[in-house]
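In the two complexes that follow, chain A is the common piece, with chain B as its partner first and chain C second.
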Partner chain A sequence: MTNAIRMRQVWTIARLQLTRVFFSKRSFWVYLLALFPSVIFLGHGVEVKWKRERWGAQKTESGILQSIRRGDTDGEVLQKAGMPITDFRSGAFRRRREIGGENEEREIERRYMMFFDGTNRWDLRFENGILQSKRSRPLNDFDEDRQIFAGVFQYFYLRLAIFFGCLGIFMNLFRGEMMDKTLHFWFLIPARREVLLAGKYLAGLIASVLIFGTGAALSFALMLWPQDPAQLSAFWQVEGAVHLFWYAAAAGLACAGYGSVFLASGLLLRNPILPAVVILLWESINGILPTLLQKLSVLYYVQALCPTPPPVNANAPLLVRLLSAPAEPPAAVVSVLGVMAVTAVVLWISSKAVRRLEINYGVE
Partner chain B sequence: MAVYRRGYQRYQGPLTGEWDRLLVLPRFAWESLMQQRLIAILFVLALFWPAGCALFIYFSHHLDLLQGFGGAASNIFQVNGEFFFVFMNVQSFAAIVLSAFAGPSLIAPDLANGALPLYFSRPLTRTTYVFSRMFVLAGVLSPVTWIPGLLLFAMQSGMAGWGWFAENYRLGLAVMGGFFLWILLVSLIAMACSAYVRWRVVAGALVLGLFFILGGAAELANAVLRVDWASALNPGRSMEQVWRAMLGLEPLPGPDAWQCAVCLGLMVAGLAVVLRRKLRPVEVVS
Partner chain C sequence: MSTTTPEVEFDDVSKFYGEVLGVNRVTLRIPPGITSLVGPNGSGKTTLMNLMAGLIHADRGALSVRGFSPREPEQLMRVLGYATQYDAAPRGTTGMDFVTTGLMLAGFPAGEARERAVKALERVRMQEAASRKVASYSKGMRQRIRLAQAIAHDPEVLVLDEPLNGLDPLVRAETIALFREFAAMGRHVILSSHVLQEVDILSDQVILIANGMIIAEGQIRSVREEIHEHPSQYLVRCRDASRVASLLFELDHITQVQIQDDRHGLLVMTRNRREFSRALTRVSLAGHLVESVVPADENMGALYEYLIGGDR
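Right after this comes the complex of A and B.
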């Protein structure tokens, strides 16, 4: 049998399997997992657009807002800046403070005003009618949004969505057939077991790459949607397409790496949850492992492809922050070759396992 | 009596009490669970941390053994609410892993093999069935959660004296109450997943995934929407907030203990609805 015929067999098996992977009732949760970030980014986009439109009608000149100083009265502020978008008074309360050894009790009335200058929102806080603090922040910060997307991609997509998605998709390829008592149909077709393995892996890979790649790309697009058009066009001209490509590549490689591992564990073990727990723990503590051990994980190579480093969690326990010492990321070529080499080795082990696989529906 | 005269006769012997019936299923299930090597290994692994905590308490009362640390030892080796919070956090993870392996084998096989009519033809209601299955998990999870917690509390009370106990009895109650809540939540999640997917292996993955993915999704929503209320959707985080309130510790940023408790209550109600829908003795297949 020539290689061309085997390739055709692989594709035929992949095509048949693809329908099951894409449209099976059991796969719907994978779509949910892949599209959840898009829904949240859509919500954020709608909120920003809505606020921009609503607040834009009551815009105040930026120069006027900058001219307001601490110590101004609320009347002066209203005279200068006009009606605020939000004006909120809190009930009076007493504050006791010690001045020169004597206790003084004052009644304080708080007031909060919010203005919008077309780009930034200005938060003004008053106590007894005197301005105490003035703070401005952009309604939408593009750099911050990109940083958040990097965090979402690296913490949610790579560590959770793709991990559990691949666990579901690739484990289903053989273990699922075993539980459905349908694996013997596949073993009866006139094709080598390795061909069957390649076909099933290809189907899982295509499905996972399409589902998670599309999910990540959609989230990326929805993150960009509410941004300022000028900033957006500058971003697309310089690095937008490159970022999108590397995020998609990272998602694809993660699917290939995790997919091969879960396919193998589905073949070698009756309960693939155990390796899943071990891998999940290993990948979770990856950041605090010694440099050498960090290199023994899919995440190390895949994260290196991401164009923006993930934000550091300032709320993480001190011990974790002290122990966190990310290893020097490898070059992109090394990352791609590294994951592909791991995938090839794991698939080779799987091909040995599938040849020895015996159907025993009774123990499932 | 001739054989043809032996018609149906109601059982006239003594009946088991309602509470005894509740324990029939757990009795057999515990036996079969403990025969699984993996469960036994996980069970033993889950007891390492309590053993380490016991050593910690011992050293906190024998600081003379740690002279190498200097004065810092007395600051590090303090047994207080924070100590029990860390203990509960680690053991709660052990409880999740144990329930992911032990939980799905409780209901999924009964549903997959159509065995529910056999149970419900006995004097067992759906509620009794759910409670007895929950007892199985509670029996497996208790020795790694509230029992070592109470032993640690007793050990500390014994070593620190009556004064410490009188001042901190609330910690012991919090450890026990907090773990009871956690066992209830984890057991319901394990049983609902088991009933929903009917596949033991997939249900196990779902139990694990639910905790991790809900945690990740909550953090994602917080980061993207610049809010902190989404933390309440993370069962682990919500429970931590409730535990901190019970232990009298500073609350974590985000929704307060009451809001988290309401969210947890809603989750429990949702899981109970799933179990009610899925546990039907008769299934009509069209």
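Right after this comes the complex of A and C.
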């Protein structure tokens, strides 16, 4: 049999398997995982757009808002700036203060006003009708949104969604069929077991890359959707395409790496829980492992490809900070070759396992 | 198709499932023709078939199917078709798609795969149900669609696990005719069956298996001849049954003679078939008309009872 025929067999197997992967009931939660962040970014985008439109109808000139000073009365502010977008009064309360060794008790009534100048929201706080503080911040911060996307991509997509999605997709390629008592169908075709493995892996890879690539791209697009057109244009001219490419590459390589690992797990082990927990733990502590061990991880390589570092909360507990801290990133080319090397080694182990694999439905 | 050895050979093959014995030290040579594997549940019939198809691997020994190792499915599955007892059709697949898919995976181009699928479906009389989903099929139809998939690539060796289960009498007869047609072309049809009457009718040779061990193999008659512990039974039809009975009963090798109710038949048990044959010649020469002599225990039922006993 020629290699051309074997390649055709690989593609035929992949094509048939793809239908099973995409339309399997087991895949439903994989779609949920992939699309979950898109829902969040969509919600955020709708909120920003809605506020911009609604508040924009009642906007106040930026210059007027800048001219308002601490100590102005609420009446003066209303006279200068017009009707605020929100105007809220808290109930009166008593505050006791020690001034010069004497206790002074005052009744305080607070009032909050919010104005919008078309780009920034202005929050004004009054006490007993006198302006105490004024703060402005953009309705939407592009840099902050990109950081949030980076966080969602690295903490949710890479560590959870793609990880568990690949677990569901690739584990089922062999173990799921063993449980359904349908694996013998594939073993009875005139094809090498390695060809079968390649076809099934290809199907899993195409499916996972499409599902999670689409999910990540959709989230990225929805993150960009409410941004200021001028900022967006500048972003695309400078780094937008490069960011998108590296996010896509990271998602694709994560699918390839985790896919190979879970394919092998499905061939070597009956219970998917055990390898999932062990691998998840291994990947989670990657940042605090010795340098040599860090390299035996998919996350180590793919995290390094992400163009924006994820936000790190300095107030988070030490353990959380340690677990979320990425390892010292290798060069991009090392990352790509690293994942490919890990994948190749794991697939080679899988090819040995699939040759030994037996149909024994009785023990499943 | 080049085949070096037109036989299925097991050489000292053993298979264990952990601590549980599958088959033990099986040495067999199965020639072309229809071969039935007969034995109680759990005796090792399916294990033997799975070993032939490479679905499981022997722990020791070697086996080959027409010269091909079961560890090389790329070659083996071109000459072997296996209808297991399990459905393998994906959800939502029609009968036609199921058979065509198998052929496309075997490397046939789409057009040829479809043509072959149509032929195979016609041979098992499933052409009318071909466009229906496999999930909606009855047990018998599922049996036939598995058979269609097994024969679609025109294999040299057909391995069938309980292929007649669930078939109605007409389809059963047609399926047996299909097996005979395959066997007549010098191919192997290796099947397991619980229905011993059917095994009698269709088998060129039988393999009796119990507790993972081969108890007997060969043509039913040859196997029966090897069983010396049980006297051979014959039904003799003749006019004067009482007289013939008294003549036969005088012989040492005759252990029992029963006269049938119509007084024209005898059930004779003998320990020496050759001597019995000579005795019947002498009886005929003495003027007693012997109309027919038929072996009464050269069938699977008797062999099963003698060699295995107990539940089937």
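For this structure, a couple of remarks:
Keep this in mind: the second predicted complex is superposed on the first by the 350 of 364 C-alpha atoms of A that agree within 3 Å, B and C clash if a C-alpha of one lies under 4 Å from a C-alpha of the other, contacts with A are read in each partner's own complex, and residues count from 1 in each chain.
We adopt the following convention: contacts are C-beta pairs under 8 Å (C-beta built on N, C-alpha and C of every residue); 3 or more make two chains touch, one makes a residue touch a chain.
Treat the numbers as computed from the prediction; the structure is a model and nothing was measured.
Of the two partner chains placed by superposition, only chain B is touched by A:L274; chain C is not. Once the two complexes are overlaid on the shared chain, A:G338 sits clear of chain B and of chain C alike.
With both structures placed on the common chain, the touch criterion links A:F185 to chain C but leaves chain B unconnected. In the superposition on chain A, A:L160 makes contact with chain B only, not with chain C.
Using the contact criterion defined above for the overlaid structures, shared-chain residue A:G204 touches neither chain B nor chain C, since it reaches no partner.
Contacts of A:I359 after superposition: chain C is touched, whereas chain B is not reached. Of the two partner chains, chain B is the only one touched by A:G168; chain C is not.
When both complexes are overlaid on chain A, the residue A:P226 reaches neither chain B nor chain C. By the document's definition of touching, of the two partners only chain C reaches A:T12; chain B does not. The interface of chain A with chain B does not overlap its interface with chain C at any residue. Note for the complex: chain A touches chain C at residues 1, 5, 8-9, 12-13, 16, 19-20, 23, 181-182, 184-193, 195, 355-356, 358-363.
Those residues of chain C that touch chain A in the shared complex are 17, 50, 53-57, 71-78, 82, 84, 86-90, 92, 101-102, 104-107, 153. Residue ranges of chain A in contact with chain B, taken from their complex: 26, 33, 36-37, 40-41, 43-44, 47, 148, 151-152, 155-156, 159-161, 164, 167-168, 171, 175, 179, 270-274, 276-277, 280, 315. The residues of chain B lying in touch with chain A in their complex are 38, 97, 100-101, 199, 201-202, 204-205, 208-209, 212-213, 216-217, 219-221, 223-225, 253.
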